[in-house]
Every structure is written in C-alpha cells, then in structure tokens.
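Beneath this line is the structure, given in structure tokens, with notes to follow.
Chain lettering (A, B and C) follows the sequence in which the chains are written, and residue indices restart at 1 in each chain.
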C-alpha cells in the first residue's frame, strides 16, 4: 500500500489519458513514490471513528428553480472548438463503445 | 509630478473624487509602469503579466471619467485599475490558468467575480502569471515562464499567485485578484511584502474560477494595504446562484473593520499562537531564524497594544500536509479531465480520439500537473479510496475540531505565513516534497474552510527579504481578520515610518 | 447459424435477470443548469458553460428533478434517503462534456423498493427494486463515414444538447425463479415502469424516442437437482445488453441471449461477463469492445454540490400526489366502463386506455369511445403504421364527433367522413361538417322535394306501400340518400314517404 511501481504509474497515466514516454515514467515514478510514502501517514487515521468532511462549510438542499436561462449561441458554444463541422464538435475516430 | 503608481487604492479613490486625477491617467500610469518593468525586453523583466489589455482598460477608464464628469453616481472603486490572476475566466480576454493547454483560449463567458469587477467599473489591466492550474508555491510551474520577485529578481514571488503579488510589489497595479487553495494568495503576499486574504470558503463565488480542488479553492483580494484589500473583498464577495457552495449571507463588513482596526488598539483581543506552526516549543526546524524573529516582534507589538497572547495546540496539524496532498490531487485529477482536446484548448490530433486525448494532455500539461493528476488518480482508485482520499477527509474533520477548540480560547490564531523568506528560482524545483513544505502553515485554513490573511511583518535581518504574518479567524468572521490585521499594520507602520513595501528596492526601468 | 432456442435454454437452465432502466425526466431545464430540456433543437444551441464542461463552470441542482425522482421512488415503494450526495463517475468519452458524469453512487436518493407487475394473464410478479438514483445524461455522438455506426467510422461529431438532461436510473435486484416466463416478465416490467412515469407526469415515457431506455442483464445457472434449493445455486456469469429500444426488443433480446449463453454452457465454454449490443435487424447481440479490466470510475462525492436532504414532511406531501398504480387503475376502469376482459385487454395492448378515459371525460360513453378508438381509429393507425396516440385527433374531438351523432346532426357514415377530414387536418369536427357540407339534412322542405323527386321516378312504390308492403319505402330512402350524398335524415325521409302514402309510419 505504499510505493508506486513504474507499472502502476503507467496504468494510472493510461487511466488519466496522459501519454508517457519511458523517460517520463522513470522520472515520475521516483518522485511519486516519495510523495506517496509521505502522505501514506493519513491512513493511520483511517480506523478512527471520525466522520469524513467533504464540504468545509455544512450546507444542504441548495437547489435551483426549474426555469430556463438563455443558452449560449451555437457560435459561442463552438468558439473554442479545435475542430467543428455542421454545428458540432468534430473528433477523430472513437474506438470505445457507445454508452 | 505625482507618481500615482505609488499610491494606495484608497488614496486613488479620494484623489479621483477630488478631481486631482482621472481614471485614464491612473490606467496610463500603470500601463507605462508595466511597459517599463514587466516584459522580457525590459531590464527587470518581472513577468507578472501574461496578457495586458490596454485598450479595454483605457475604455473602461474613459467611460468612468465621462460619467464622473457628468455627475453620475459611481461604485466605490470605479476607475481603480486591477490585475486579475489568469485562473479567472474573463469573457473576451485570453484565459490560460498558466497552462499551455489553454493557450489562445478566449472564453465565451465571464466568471461571476469578473462580472462584479466590471460592474464595479474597475479597469482590468490584464491577466497575471501563476503556477499551472494553481499547482505550486513559486510560479516556477507556469507554462509561460516564471515571475520574478521584485524584491530580488532572482527569487521566487511565491505561488501559485506569484504574478498578482509581484504586480503589486512592482507597483504595476494597486489591486489584484488571487486564488488560494493551500496558501496561493497568502504565501506570495508574505514573500513580496504585500497583503493577501483568503475568505471563508463560499464567501466569494467560484463560478468561472478554473477549478483546482473544489472543496479548497477560494478567490480573494490582494493589495498593498489591509484597507485596500478590504475594499476589494467587499466588491468580490457575496452569494451567487451559479455557485451552489457560495454562502447565503451578506458580505462581511471588511472596510468598517479595517478602519476601526487602524487605531492600533487591540485591548481585549485574545491572540492564539499555534504551537505546531511556529509556537514556542514547535517543530521549528523548518522555520528560518529571521522569520521567527519578526513573528515574535509582531506578537510583542500586539501585546503592547493590549492583546492577550495565548498558546494553543492543534495536534492534528501534523497530518494536514499529507491530507492536503491527497485531497487536492484527487479533486484536481477529476477537475482537469475536461481538458481533453474536444471542446476548447490545445489539440494534438492523432488517428483516434483516445490517442488524441493522450497526446494532447502529455503535451499541454507540465510535470507538476501530471504528477498531481497521477497521484489523485491513484488516491481515488478502487481499493485505495478508504486508505487515502477517505482518510484524508477524516483528517479534515480532526482539523476542524482542533480549530473549533482553539477558537474557544482565542479570537484569532496566528503564525508565520511561510517557513522561509523567498528562495532562489530553481532551488527547489526538482524536489516536490521540499516545495510542498512552503504550505505547511497555510494549508490548515483551506482544509477547515476558515478565512486567513497574510500581511507584512518585516524583512528578515539575514537576507533583507520579506516575512509574512498570518492571521486566521473562525468561519464567517472575515471582518475580524481586517480589524486585527489593520491594527497590526498600523503598529508596524509606526515603527517603520510607513508600510513595508516602501522599503522594496527600486526596479530598473526601460528608458 | 441457428442457435439454441429460448425455450430449450430455459428448459435446461435457470435464468436470472436484472434490468436497469434510465428514465429521461421532462423537466423544463437540465439537471444542473438552466438550458432548455427539449428534443429536436439545432445542435449545440441548448448548451451553456456548465453542460459544455467549460473551465470554471459549476453545477446547481434542479429542484424539480429531485422532486420527480422522489415521486418515482415513492411510486416504486422505495425508501427516500434522508441525506444523499451526488458523486462523480470519472471516465473519458467525447460525449461526456466534463469527462465525468455527476451521478449518485453509495447514497442513492431512493432505495429498497418493490413493484408489482401484472402479466397478460393476470399473474402478479413482485420485482425487487435495488435503487433509483439521479444523474445527468451525456451528449450525442454521430459517427461519420463507414456504415454510420461506430465501427469503421472516419470521425465523429458531438452535439451536447442532450448533455445534462436529468435521468433517473432504476436498478432491479436480481430476479430469479421466472423460468420460461423470464422474457415476458422483463417486458412487462419495463412496460409498467413506462406506464408509471407517464402516470406521474414526470416523463413522456417513449422508448422509441429514448426517454425510457433499458439495459438487460441475463445469466443462466444450472437447474437445481431434485430436493436442492434452486436459489442456493450460485448465479452464472451475466451479460449486459444495451441498445434495447422497445418492449419487443426487451423480450427478444432475452430470447436471444438465453439461447446464446445456453449453447456456450452446454459446449463447456464460459460465458464472458461483458456488455453486448442488441441489433433489431438481425435479432442478435454482438459483443462490445473487450476490455482487459473493468473500468475504474474512481467515484467520490461531488464537491461542487451540497447533499440532498428532503424533509420527511415534504416526502409525505409528495406521496399524496402519487396517482393510482396502473394495475389498480385498470381494474377500476374495467369495472366503471363495463368492458369485457377481451375488450379491456385489446384496449391496453393498443395503448388506448388514456385516450378512452379522456374521451369519456369529454362527454361520451365508454362504449362509444371504445368504438371509435378501437374501431375506425385503430384501423387507421394500423394502415399508417403509427401508434394510436400519434394520430392527429384528440379525445375532445372524438367526443365532439360522437356528440354530433348523438344529436342526429350526423349519421355513422357521415361521421366517418368527418373523421377523415379531421385526420387530414381540416379542423375540428364542427368545422369539417361546415366546410364539407356534411351535415344531415333535416330541413323538411328539402327532404320533401327530394322524396317527391324520387317518387316521381318510382311511382309504383306508393302503391306497394298502400298495399301493406311498407318495406318498399326502403328503395325511396335509398334513392334519397344517394341523391343527398348520404346526408338526408333517413328516419325523417321514411316518415315523409309514409305520409305521401297516407299511411302511419
């Protein structure tokens, strides 16, 4: 549960969609391992009967009314697009499957 | 001939009201200053700015001047120029968050805070430099090259908001907007001899602030004086329907508090020194001698002004750095997934979208960002959640409890803002862990969501470089920071014959 | 290659199945932003920084979507969690604007329910509901080049209009013990969900339009030996079938999958745990891209949103707004309307219950309403290959039409012509009567003139009538009807003829 192996880093980089060269993997693995070891000390707290805090200031039920707000124009929506066609964002071939 | 760049924002407001200067003159003076010290072609090359919008700033100024002449009522800070950290989305102005992956992106919408600045009719001078996606403590991780500390150009200006702090210390802007996730406003303020405030979490809208760690990020005011910061805080703050985490309460009365505190009277104020952050029997190995000395002297000044100094212990702080460096990367790894080459930003096109995403993110993100994304991906991974992210969230609860107990005994808590004065550029860049130690004192406030301020407490005798004093207040009590901060500022200014920033060395300017 | 049939498969193995249904809510706006939630707009015109995933954007929860989800959960007999948080489901895909979906993970708003499903023969099956949670939809990828499908496409185009639309995902517990009725039960379950969401008014519930989507899981396990408890036999490996776009597909995909899996098992081969796609045209499933490992979604609580904590009072208020359960409603209507079992079943199968009910509410008798909807209109719908509700005529118009018949202004034949006109878009029944001049003629002078003309052409008829052959009047009635293009008031015509003959009618 502590150090990160090079193969771990490679797997995580793939999951995070960041290509890595062998040099990258070498360099990062070393640095990451040191960090992981250092931060692993929080697991000492894991067993404690303490609730987790995900929001620093406790609030609940913050909702918005079901009322339409004007959208961006198609032009504004596409304004940053690296590639667009027919009013849509164009991407190269998708390998993965439909959701 | 008045050098308007040396004035405070409060002075500029008065002068414009008195007809002594126009907003256009102010803007031109600052644009001239920027041209003289900021760019790579200048001798000083501070590089606080990534983008300068001279036309836009002058247009806003001209409109304010015209309306003032016509007797139209103007917002308090109308016409006072301001610099904006490039983490804030500004419609029509390039926004990069210090990253190459957003190079050239012109947002089609405005962040809430940018809207407020425009509604306040403040000319936006430009966007300031920062560590890429606010990950860093030195601005050395900017994708566009570092910013230099105006006190010593070979040193870091702090981070991630080094650009905003440097713009103030170099007299390029009287006010700036920063963001603080683990100290990114406060630590740069400390190492540049300026003032920076992180509001209570939710006190300022995050809508349109490019997210790093959603549960830790806050935008805040940066200035050279406590009163100036207070005025900007009141413009920035307030509930926003577009940010579900924004507080549903009125903006704190920061300006009144700052004015009240300026008398320097601290009678009855209980000031708690946090043992674990530079207190008497602290783990003070990491704290530079000059930093500790100035801290103690500031405490003396407060004591002499009637404050009661007590010591409080927050034992869970020993886990704070570790918890932070798990929570932040985890949330960031998810927040940064949207930079996928599809809808905006850089695209390195390959045969498939999967390959395109991988290649784009490899080319567009710097090392520190990649490190943190990998770390965060790991901490959230199946099988590790409980040990890492889940445990870190528990540490958060412990830290909140420690603060709650401490605030029973003290009205404000104090510590040195950063363990050392600004180090040299390049000194820690290859040692991430050493870099992370800069944030040891500032991180707990972000984990707990409480507000914090850094203001100058002097220069370290050994190197003549700025030292910052951190004040923390309970959640929702931002005004208290301004009251106590203004008092300390006043006491120290009496000692120095003026604010510390006046002691900054003069920068060499372009002819 | 023909594979083992469903019947053989469920003869030799015990099927266990589960269904995940995604319901698109009909709120006015999206789940986390104020963009309109409407079908059919130009691409990327119903998007904003939030649903486009632009840097700096932040979600805010739609209160109506929360309300609809709670009502759906209550209708499914679920408990409503006192505090539930949204969670991020992290994965990369072009139609997912933020490259994470905001969903719910370990704290779904609704959990632990059950639903009674009534099969065609009246058998009631209780389906356990694991959870119903709230999430947002993704955008739409269109593949260009190749066959238009994802395989072999050259590039893809993404439209985010649908991105961010509110969804409720309903997950059943594993359903066992249905044997050869598995496919039927699965279909009936999805149909019931569809009926419920329509009855609640939270979704238009149209599978063809994608507002109700089903993913069907199926696994087979060996039949228990004699004396052995079937439920103690461990589950087999299951496959998940997506792209199941109709009730018919729900049933048929199970038929196919059962056969496919049974064959594998009998050949000693393992069933791969995978996602498959249903193909309507070939009635088969094909595997999705194989993955070396299950996707790691790295769920964590959504930091930009606050917990949903519906007060118990509000939940009870919402419970009072629930409409009747569809099966109970059907039983009640059958009794009120006096339909036979067959009539009721046909009406349900034709999706005509609501139409009949609305027509009755507009003033007809149930039998009259049924006559129109299950008769002329059902025939028309069939010919045009559309669903009954899609015909361009409303229950109110049918009631108006029947009213004209009841008052004698139209006879049945004319009424059918008027209906034709309404369906053709010529306007309301009254308007069509006027514009086409189809009203029954009951003006005596006109009728008398027509009768006299017809009698002049067939003078012998009067004599026959006087002789007692009253039915001879029919020929004159026929002639008058022909002359008036069916618009004469036949009864009155007959009266006039008899008067001319000097005979009592």
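Everything that follows uses one rule, which is that a contact is a pair of C-beta atoms (placed from the backbone, for glycine too) under 8 Å apart; a residue touches a chain by one contact, two chains touch by 3 or more.
A quick note: this is a predicted structure, and the numbers were derived from the prediction, not measured.
S.K.: Pick the pair with more C-beta contacts: A-C or A-B?
M.R.: A-B
S.K.: Would you mind checking which chain's mean C-alpha position lies nearest the centre of all protein C-alpha atoms?
M.R.: Minimum centroid-to-centroid distance belongs to A.
S.K.: For subunit B and subunit C, what's the span in angstrom between their mean Cα positions?
M.R.: Here subunit B and subunit C have centroids separated by 56 Å.
S.K.: Can you work out the whole-Å distance between the CA centroids of subunit A and subunit C?
M.R.: 39
S.K.: Taking the mean of the CA coordinates per chain, how far is subunit A from subunit B in Å?
M.R.: Roughly 24 Å separates the two chain centres.
S.K.: If a residue has to touch 2 or more other chains to count, which residues of subunit C qualify?
M.R.: Those would be 48-49, 52, 54, 60-61, 92, 94, 156, 158, 296, 303, 305-306.
S.K.: Quick check: what residues of subunit A touch more than one other chain, meaning two or more?
M.R.: 15, 17, 54-55, 59, 62, 64, 72, 77, 80, 89, 91-96
S.K.: Where in subunit B do residues touch at least two different other chains?
M.R.: 105, 107-109, 215, 241, 244-245, 333, 337, 340, 342-344, 353-354, 357, 377, 381
S.K.: So in the complex, the part of subunit B that touches subunit A is made up of which residues?
M.R.: On the subunit B side, the touching residues are 105-109, 200-202, 215-216, 241, 244-245, 247-248, 319, 321-323, 325-326, 333, 337, 340-347, 349-359, 361-362, 365, 367, 370-371, 373-375, 377-378, 381, 384, 386-388, 390-398, 400, 432-433, 447-449, 475.
S.K.: Quick check: in the complex, which residue numbers of subunit A touch subunit B?
M.R.: 1, 4, 8-9, 12-20, 24, 27-28, 31-32, 34-36, 38-46, 48, 50-57, 59, 62, 64, 72, 76-77, 79-83, 89, 91-96
S.K.: For a test of understanding, state which residues of subunit C touch subunit B in their complex under the given definition.
M.R.: Going through subunit C, the ones touching subunit B are 48-49, 52-61, 88, 90, 92, 94, 97-100, 156, 158, 296, 298-300, 303-306.
S.K.: Within the complex, which stretch of subunit A touches subunit C?
M.R.: 15, 17, 54-55, 59-69, 71-74, 77-78, 80, 85-99
S.K.: Which of the residues in subunit C come into contact with subunit A in the complex?
M.R.: Where subunit C meets subunit A, its residues are 27-29, 33-36, 42-49, 52, 54, 60-66, 83, 85, 92-96, 138, 141-143, 150, 153-160, 242-243, 275, 277, 288-289, 296, 301, 303, 305-310.
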